[in-house]
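Contents: one structure, followed by commentary.
A, B, C and D label the chains in the order they appear, each numbered from 1.
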Amino acid sequence: MSERNIRVEPIDRRAVEDQEVEIVERKGIGHPDSICDGIAESVAGALAREYLERVGKVLHFNTDETQLVAGEAAPAFGGGEVVDPIYLLIVGRATKHYEGQTIPTERIALSAAREYLESELPQLVFGEDIVVDVKLGEGSGDLQDVFGEDEVHVPMANDTSFGVGHAPLSETEQIVYNAERRLNEEFAAENPALGTDVKIMGKREGDEIDVTVAAAMVDAHIDDIDDYVTTVEDVRDFVADVATEYTDRDVSVYVNTADDVESGSIYLTVTGTSAEQGDDGSVGRGNRANGLITPNRSMSMEATSGKNPVNHIGKIYNLLSTDIAENVVSNVNGIRDLRVRLLSQIGRPIDQPHVADVHVVLEDDVALEDVRGDIEAIVDDGLGNVTDITKRVIDGELETF
Amino acid sequence: MSERNIRVEPIDRRAVEDQEVEIVERKGIGHPDSICDGIAESVAGALAREYLERVGKVLHFNTDETQLVAGEAAPAFGGGEVVDPIYLLIVGRATKHYEGQTIPTERIALSAAREYLESELPQLVFGEDIVVDVKLGEGSGDLQDVFGEDEVHVPMANDTSFGVGHAPLSETEQIVYNAERRLNEEFAAENPALGTDVKIMGKREGDEIDVTVAAAMVDAHIDDIDDYVTTVEDVRDFVADVATEYTDRDVSVYVNTADDVESGSIYLTVTGTSAEQGDDGSVGRGNRANGLITPNRSMSMEATSGKNPVNHIGKIYNLLSTDIAENVVSNVNGIRDLRVRLLSQIGRPIDQPHVADVHVVLEDDVALEDVRGDIEAIVDDGLGNVTDITKRVIDGELETF
Amino acid sequence: MSERNIRVEPIDRRAVEDQEVEIVERKGIGHPDSICDGIAESVAGALAREYLERVGKVLHFNTDETQLVAGEAAPAFGGGEVVDPIYLLIVGRATKHYEGQTIPTERIALSAAREYLESELPQLVFGEDIVVDVKLGEGSGDLQDVFGEDEVHVPMANDTSFGVGHAPLSETEQIVYNAERRLNEEFAAENPALGTDVKIMGKREGDEIDVTVAAAMVDAHIDDIDDYVTTVEDVRDFVADVATEYTDRDVSVYVNTADDVESGSIYLTVTGTSAEQGDDGSVGRGNRANGLITPNRSMSMEATSGKNPVNHIGKIYNLLSTDIAENVVSNVNGIRDLRVRLLSQIGRPIDQPHVADVHVVLEDDVALEDVRGDIEAIVDDGLGNVTDITKRVIDGELETF
Amino acid sequence: MSERNIRVEPIDRRAVEDQEVEIVERKGIGHPDSICDGIAESVAGALAREYLERVGKVLHFNTDETQLVAGEAAPAFGGGEVVDPIYLLIVGRATKHYEGQTIPTERIALSAAREYLESELPQLVFGEDIVVDVKLGEGSGDLQDVFGEDEVHVPMANDTSFGVGHAPLSETEQIVYNAERRLNEEFAAENPALGTDVKIMGKREGDEIDVTVAAAMVDAHIDDIDDYVTTVEDVRDFVADVATEYTDRDVSVYVNTADDVESGSIYLTVTGTSAEQGDDGSVGRGNRANGLITPNRSMSMEATSGKNPVNHIGKIYNLLSTDIAENVVSNVNGIRDLRVRLLSQIGRPIDQPHVADVHVVLEDDVALEDVRGDIEAIVDDGLGNVTDITKRVIDGELETF
């Protein structure tokens, strides 16, 4: 057992699952804020990988400030058109000169953005429906901490920062998260009429769960208003089915409730995202690192996407605490709710947090002492392998939003 | 008593004041994120006032997406200079054409930004140290809800949204909030060497409070390294004094801990903000509507600054719930901790929330039934006068960050 | 014969071919100024064609102000890379709303720019090596003049403007023009090492012609310095060969004279254009409408590229006068040099210029009266069919730079 | 006498004053193209002066590419307002790092632009009516040529370039030039209703001179349509008076001929420039270095404004040839028309041009041999003191447009 300051205690609240009112939200991949998160993170990953390849270690960068300015579009059944393009500005800093080499940071950022958009938002024609620009300042060269091909050091904390993770997801959280993921994957694969901008709000009061879905439809695949209504209905049915996999509670699903079908005021888009018409976006305004917005739980305000995965404590601790929480729940029985908080201490290695406190709600028949040791071991192991988080981020294996 | 769905219940956790670990943060007025919040909100206020003056009611707008791209500076004792300007892009949409009138929305936005910057960040030369640009799309004309000179309607909720407020502030929260406010006002008035970018992190473990201050110094008013060290010391002493007004606990104050005075690596700036060198910013990434970041408390992810105060439920409910919480605590004795949550219901007037739930921690000698009636009355009154929030925002009387 | 005010007179100077010193320049298709000209004109053509297709006539637009901001590149034998992208801003105004239709003017502009770049500068990766942005203001709706599918009116002159054309080209002019054209077509087809940015300066003193070529080389197709030197030599030989087709005078050809091969300071690029590194560009700064810069001849300062071909007199008169000059020389024998000038008169149809004056230098054995009638007939015919110029511009049949 | 290759010959055309048709144009200080010229040149001057002050010599820079994107305005009698700001982008490159010093090139550019605008276009509110942004690439450090405080070398020509100057101005040219200058100075001082955007076209046919003035009026100083008509009339009278000082020919003056007073379609502006509404601009598209556009005379296409005055041959030769032409005409009697052309030779000092040819039209009673010696001496002296041109440009004593 290490010397790390790990505390395991009962949480001073009911499990979220047992609270009276629960609110959960997820902004889908095509939501303007998520577009920004996704691009910021893909730029960060691309920079880290290029640095490793070119100079053998990750250099200073931070690209967590993408701004999206909405366009204007004229959707129409059967296929409308974008009128004014979306404008997206990638903002940040990155090291361009290092030991005689010039690293094409802006070029890397644009390529990563393009690749991300073409892969995740294929309805958007890069450079025509969306103009992507970049302003990267010059980074300060070397990181004092090393993440290289040959050696990896645990970095020092240079800031007082905080990360928080939770597990397991409540039923409502599981529904919200998985409904969006599966709409964008399974459902969309069969139904190209569904856009990527799917926003889901879950609200549970006691045992009644309401799931409200705002789903952008892609006009090229919608023939007329009847087709639209049918597609909305299909989305509703699909989400209702998904929900039953995660709960036995009563679930009501509402899709595109702001529509006024009579007057033709419906959620029809050319590109599958509201960014085409009036909805701006930026990094860190949407989902937290676990993919959800959960006011019932402690949240960090740090934007995780786009930060440097080697030495940005906020990013690392948010991802690590989530990872630890999931590991504990997978490996230790009897836990109904668990929160992991990691607080850094300036000047000490980040595998030695000022405090790692774990708060749990246990099943009725489980005592804290039954699980304390196992939990501590998992936390200790997670901290001991903190640089794995960096590695997995660079390899694109961890989601940040 | 109205028919509003108001619930008052015990909170299912200890008062924040009684929790073992508490973390609180505030980004001062000159922090890059706060600059964006401040400009977004001043633009929103200016637009609302101009609409009222020109067409007699507030029209559709939303300006909650300012992006700041950091500049480059070369500070030096006695006075350095900005090398590359900060770039700030005001993003949003606003109604430009209404009943034959053209409202100069972009001009209004630029004027408001200029006025705000010249008033709050006087060290920044507008147009030279900072370039302010604007991209406002066209808003959709009329609001369906009316906030006019002659009549004021309670708007309908067009979204499921959520606001949360807390009172009273814990000791640590009070210290963090007031230390920043008073540094930027009292202290800076006497000590022009202190910049506006003051970031304060408070951490309480049991009865030990650590206050960590990162304070940008203005080079023109710092003669040399000794002068710098003295000023840092003065800030420390000032904050330590402020702290004693809010707590009897032990408080340790740390200022500019990342400095390395030997090597001259200190927090010296030309303009008093880190935006001049490498720190980007955007709206909604910093303080919540009550001026603090409080992971121990439930927080809304909504950016409050820049939103339309007539019909944006997230903005209104965040401000209203905070206002109600403060009113309850001012008028009802025996409350140690209180949380107000307002949840909207699509299609109903916003003074009729889906649920207004109030959770309290009471003094030991107070029973819920002793205070329930008073609390409900204050909540009911706050909801009944919801349009006052709009009015106060437009008049610039409510802070949003 | 019409009533048009056509004058044919002897020119009061020697034929350019007979002047002692002659200077001629052409900026190739990949020169930063030419890139801007090319994009401005392709955007204009695309807008005109879209207007015709969508509303049956050309509406108000003007897109003659593209600005290119150079990038930064790191060329290397065998293939280097762009470091910072080129930034290109398409500027102008165009009618976006017409009789209930919304015309996606910015989208059209971006598509046209992309198509042009991918066709003419294939080494540039659109959206990565070059960021194309657009700021099109709203045009004023209808043109008072009609160019439609069903009817075509001759527009009124709304400005005092001036166009000038010359024929035949002097030997030096022919060499300069054709050397660039054939380098970029024939030579480049066989030699991918040659970039599109070929700038040619011709200087004739008496019977000595110097042709100075600055030719950007594409690094991916140049293995090493020897390969570079060989390619430069090949360009030299090719241009020398081309020259012999147009003159019997002595021609010396110099290629990339600013190179310092010893020190490796050579004209190597990644993308074939100096826009990648340090050379900005904009519309109307390079070639005149006949593809050349000819200080020995009268020139118009009007930027031809990007202007509206229906009613912009400067554009129409520059193209028409050049067309007329070429027609005269093709059809009338005995002309050594000819200049056509067209001057508009505000408020009259443009086929009725204030004056159309033609100045000629004739072969020794030809008298003005021998050719006057033929010349006048051709001028009259050209003016009578002025709208053909518009049509050919829209169809992309006329070069503007 | 030096060894310079100076030739003096008769010109092979009539004096411009004697040609049948003459066209002359001048875009006033507030024309969008002139705004760009003015800012580009003021930025260049400021950079040169700062370099001298900071490092003792002028470093590499080039800022000849300002782009102006027109705004939108709503003028009204008594005072309207700008709706969307003008956007102006300063483009170029400049040396930012030199021998350990950082020169704040972008900051210098913005300050110079602001100062210029506030001085020359005082109706424009900087930062509100016009947003000025800047993109300066990094210059390549040292110039190989020295222009320093302590020593001044004559630079080497690194390009084949060409400059041309003329004197004396014809009557029409004098009228056009001075009418604009005196309208913007004398007349505007008494009549604040006159804007800075005054465009003058002169056309002479035989002995009839037409002067067409397009003069933007400033709405704050125009009460109503009658006031407007009166002001237009005053401009007409003023220009007619000015004209009599320069010619005995018949002069007709037309002002704002595109107005339709009946329908209220008049040339009314908020800021005195058409840049506020629809007219874009850029450098080098308007006046040549002598302040005029003169298709009857040989013109250089080089943009003079914004170029580096130390080593840009095109700029230096255009200014020097104009200066020499004026000096010759001031000091040598009997010259009716004179053209000076300077052609550089790559690799030789610029005071040793490849050829300096002077073509003259003399009074009937003057023989070339009477004046050849004096002309050659003045040309020789001008070339010998070529660096004076650089000095005067840096000191802001020479106009470039």
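The rule is simple: a contact is a pair of C-beta atoms (placed from the backbone, for glycine too) under 8 Å apart; a residue touches a chain by one contact, two chains touch by 3 or more.
Remember, it's a predicted structure, so these values are computed and weren't measured experimentally.
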Practice problem: Could you tell me which chain lies farthest from chain C when each chain's centre is the average position of its Cα atoms? | Solution: B
Quiz item: CA centre of chain A versus CA centre of chain B: separation in Å?
Solution: 25
Self-check item: Whole-Å separation of chain centres (CA-atom averages), chain B against chain D
Solution: 51
Quiz item: Between chain A and chain D, what is the separation of their C-alpha centroids in Å?
Solution: 56
Quiz prompt | Set of chain A residues in contact with two or more other chains | solution = 87
Self-check item: Contact pairs between chains, per stated definition
Solution: A-B, A-C, B-D, C-D
Practice problem: Enumerate the contact residues on chain B facing chain D in the complex. | Solution: 74, 81-85, 87, 96, 102-107, 110-111, 114, 126-129, 131-134
Quiz item: Which of the residues in chain C end up touching chain D in this complex?
Solution: 9, 11-14, 19-21, 23, 64-65, 67, 69-70, 72, 87, 89, 91-93, 135, 137-138, 140, 158, 160, 162, 164, 201, 203, 205, 212, 257-258, 278, 280-286, 288, 293, 295-296, 298-301, 303, 341, 343, 346, 355, 357
